[in-house]
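Shared between the two complexes below is subunit A, which pairs with subunit B and subunit C, respectively.
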Partner chain A sequence: MQEAMIKRAKELLADGTVNRVMGWKKGEFVYDTTPAVFETAEELEKEFVCNDFTQANLSKYLIKESRKEGKILAFLKPCDTYSFNQLLKEHRIIRENVYVIGIPGGPKLDMEKIKAKGISGILDVKNENFTLKIETLYGTETMPFYEAVSGKCADCKSKKHVVYDELIGEDGDVLASRRFDMVEKLENMTSQERYDFWRGELSKCIRCNACRNVCPACTCENCVFDNPKSGIDQKAAADSFEENMFHIIRAFHVAGRCTDCGECSRVCPQNIPLHLLNRKFIKDINSLYGEYQAGADTTSKCPLTDYDTDDCEPSIVHERGVE
Partner chain B sequence: MQVNENFEPVIVAFCCNWCSYAGADLSGTNRLNYPTNVKIIRVPCSCRVNPIFILRAFQRGADGVIICGCHPGDCHYTSGNYFTRRRITLLYSMLDFLGIERNRTRLEWVSAAEGAKFAAVMNQFTEDVRKLGPNRRLEDLRCRKQ
Partner chain C sequence: MFRISAEKLNDLFDRIASKQTLYIPVDREDKAAEYKKYESGMTLSSALNTVRSAKDFFFPQTENLAEFRLSGKTIEVKDIRSEHEDFVIFGVRACDARSFGILDSVFLSEPVDTFYKNRRDHGTIVTMACTRPEETCFCTTFGINPTMPGGDVSVFPDGTGYSFLANTEKGKEFMAEISDMLEEGNPAQLAKVQENTRNILKRLPLANLKTDSFGGERLMKHFSSEKWAELSESCIGCGTCTFVCPTCQCYDIRDFDTGNGIKRFRCWDSCMYSDFTKMAHGNSRNSQLERFRQRFMHKLVYHPSNHEGEFGCVGCGRCLSKCPISMNIVKVMKALEDK
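And then the complex of A and B:
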């Protein structure tokens, strides 16, 4: 896969279709992969990487990159194409300046899950027939591939590319995922249990803002959380209220636009299950206003900027029976 | 939960200028009683109510928050309250999901002619919140009065 991508990128650079390539760059270890822009064939040869750890969604970077001189090549996994499409819909990316090559998605691996097995001093990780061969300083270890699959890939919603100029590999289908199971489980708890669950999670937040910074739906030039008059800008929460506030407002701001790309939960250093907040909104929107997948197209109306005169009343929430 | 009979909840009511605020006014001129617990904040349209307003109200000491607007179809700006309805439904559902008591939030449509409805809604909502006791799950300790 990586070889085919480098080969195609070099061709497109050489024939002048693009003048830059957006991909991932090798780090010190096999699992260190960072989004990066490459300008020459030599750089691609030396540093370009696409492996089981290249999880990062590149679409948000294209907001800035598409405003630069010339066209850029971007490699997008199926989930990333949803984010890309949503950004096109919001007029954030200049489409003519991006050449999209769709590549197969995961399942990608989560290094933390390998380390959690007590495996340390990791030098290399290879997937051999769905068994991971892990070279470490202390010898070779093995573990089943599926036990190391990242959270976002475990709940994959679609293997289909919704936008591309060309594909490397096969296109897939929308999947019947079980991504709402945990939301449902929480819904069936009592109000007090839910409160305790979320207190336990949200109180871990250190307000590093990584979830906002990585989110392809959070692209405001002036974010409310950067407003010095808001009282909640750029600082750790001083009270549980502020923790709740940050998360409620951020989730609300991306409601109807969040494609469920999974980046927020992936980058959270505190492992807060942020996807549950987004999925709660997605689930509610689907059941109250009709099935809607953000980023699936560029023409449909976002459910929150639309209405129906027969919409349900908010009392539907209060009628859910005893707490 | 223990119910403190002397507990006087603070209720913040966001009322749209064109219907509900006028409805509140009418209930006053008709000498109908509604509890002094209710603090009215006038907004140009129910859809002016940003979720942050609601959270701020809870932060600064509200025990319940109610939004009032024109009946669907009657919004002064034609469609504002239709957007309100979707947003607020989703927001209230999210607050419920986070374990905030669902009866602390409400939305009612009150027209300028419905002075009696305004009083009845406020009496009922104040009683519902009184039963829940003080807002503890979405409060800011730094803002607590006692």
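And then the complex of A and C:
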């Protein structure tokens, strides 16, 4: 796959279709890949990587990149194309300045899941027929591939590319995902249990803002939490719950626009399952307004910014709140 | 040197906790380690290090500094610091132990930060020698020896038990409290473990990383480097590296109107943030390139320049494993070093 991508990128650079390529760059280890822009065939040959660990969603970078001189080639996984489409819909990306090549998605691997098995000092990871052979400073270890699959891929919603100029590999289908299982589990808890669950998770937050900054739906030029005039930027928490409000407010703000790309949970240094907040909104939108997938197209109206006489009444909030 | 067998470690924790508040690293449900206040029955984490560094004990993420209450024309200023109890942090690694020295050079130099000093005075640091370094470790680059971790007391695991060595007066007092629980050490067994660790250290993938190209005298060369653009290109401007870093020490102080008074609080700040050091005239570093450069220049050039050559990094590797886009100080050093 990587070789085919490099080959095609070099061709498109050479024939002038694009003047830059957005992909991932090799790191110190097999897993620490960095989103990067390549400008020459030499750079591509030397540093371009696409492997089991290239998880990062490149779509958000295209907001800035599409405003630069010339056209950029972007390699997008199926989930990334939903983010890309949603950003097109919000007029954040200039479509004609991006050449999209759809590439197959995951399942990608999460190094933390490998380390959680007690495997440390990792020097190399090879996938041999869905068994991971892991070279470490302390000898060779093996583990099943599927136990190391990243959270965002384990609940994959779609293998379909919703936007592309060309594809490398074959297109897939929207999947019958079990992504709402955990949301259902939370819904079935008592309000006290649910409160305790979220307090436990959100109290781990260190307010690094990684979730917000990586989120393709968070594209405000100046976030309300960074705006001194808003009265809520970095102010002292009046009580210990107030800190948690950051995540709840953010989930409200991206509701109806979140494509469920899973980047928020991927980047959280404290492993808070932030995507569950967003999924609760997605599930509610589906059940209250009919199935809706943000980013699936660029023309439909999001139920939350649209009005229909069949829309549910506000009293639904009260009705559903009854235990 | 005195030793305790592994099965008696929790008895030791119970003893320490009966006299002072004790914090130990424990595993969370997601297998990540964090410091927790010890309660009987807790198990010491087997992880190499905690996600959040031990700096939190002395320089917490947020703290209230003072309260002001206005009545008529008088303003009452309340000193509301509440930490007066002694506490013990057990299991601090050599990298984090060194970080306290770096934080000291900032907070304990004039004018002394009394909030920080108060906690430092009350804390006893019990370190733990490393036996299974990670691929992300590079403390030896900064002259740290993880087999001799320092602190008030050093603890050396040998597979079946732990040996203790007091390094300071505070450490000797700590040892006196537990001496009846310790037996004679086994220097031969310990020497073998240390030898083994030293061999692993030599084989670490980052073992050859050098600081030769950095330091105060290299300011203009590095500041003007063209490499920053590429290095910072995909930085998302979050504060993950800063907040998991044991040596990052920048903070913000603000007054907050509670409705019936003013709270003055301090919280961690990050040079990666767009409103960092924002002043009346605006911000001195307007692009992510400048903000990114600031963080690494501080660690590799400004800090050694201001503190007798000491770098502002201890090679703990937290930023290597936690950066959302896997950009970190190792990649910066490799890009900027003399070729």
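Following the convention adopted for this analysis, the second predicted complex is superposed on the first by the 310 of 323 C-alpha atoms of A that agree within 3 Å, B and C clash if a C-alpha of one lies under 4 Å from a C-alpha of the other, contacts with A are read in each partner's own complex, and residues count from 1 in each chain.
Definition applied: contacts are C-beta pairs under 8 Å (C-beta built on N, C-alpha and C of every residue); 3 or more make two chains touch, one makes a residue touch a chain.
Just so we're clear, the structure is a prediction, and the values are computed from it rather than from any experiment.
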Partner chain in contact with A:228 - subunit B first, subunit C second, else both or neither: second
Which superposed partner A:27 touches (first subunit B, second subunit C, both, neither): second
Subunit B versus subunit C as contact partner of A:244, first or second or both or neither: first
Partner chain(s) touched by A:123 [first = subunit B, second = subunit C, both, neither]: second
Which of subunit B and subunit C A:303 touches, first, second, both or neither: first
Partner chain in contact with A:187 - subunit B first, subunit C second, else both or neither: first
Partner chain(s) touched by A:315 [first = subunit B, second = subunit C, both, neither]: first
Footprint overlap on subunit A, where subunit B in one structure and subunit C in the other make contact: 238
Subunit C to subunit A touching residues, read off their complex: 30-32, 34, 46, 48, 51-52, 61-62, 64, 132-136, 200, 203-206, 230, 233-234, 236-240, 242-244, 252, 254, 256, 258, 263, 265, 267, 270, 273-275, 278, 320-322, 324-328, 330-331
Contacting residues of subunit A [partner subunit B, same complex]: 183, 186-187, 191-199, 224, 238-242, 244-245, 248-249, 251-252, 255, 277, 280-281, 284-285, 288-289, 303-309, 311-318, 320, 323
Subunit A to subunit C touching residues, read off their complex: 27-29, 31-37, 56, 61, 111-112, 115-116, 118, 120-123, 136-138, 204, 206-210, 212-214, 226, 228, 233-238, 266-267, 269-271
Subunit B residues touching subunit A - in the complex, by the definition given at the top: 51-52, 55, 58-59, 72-73, 79, 82-83, 85-103, 105-107, 137-142
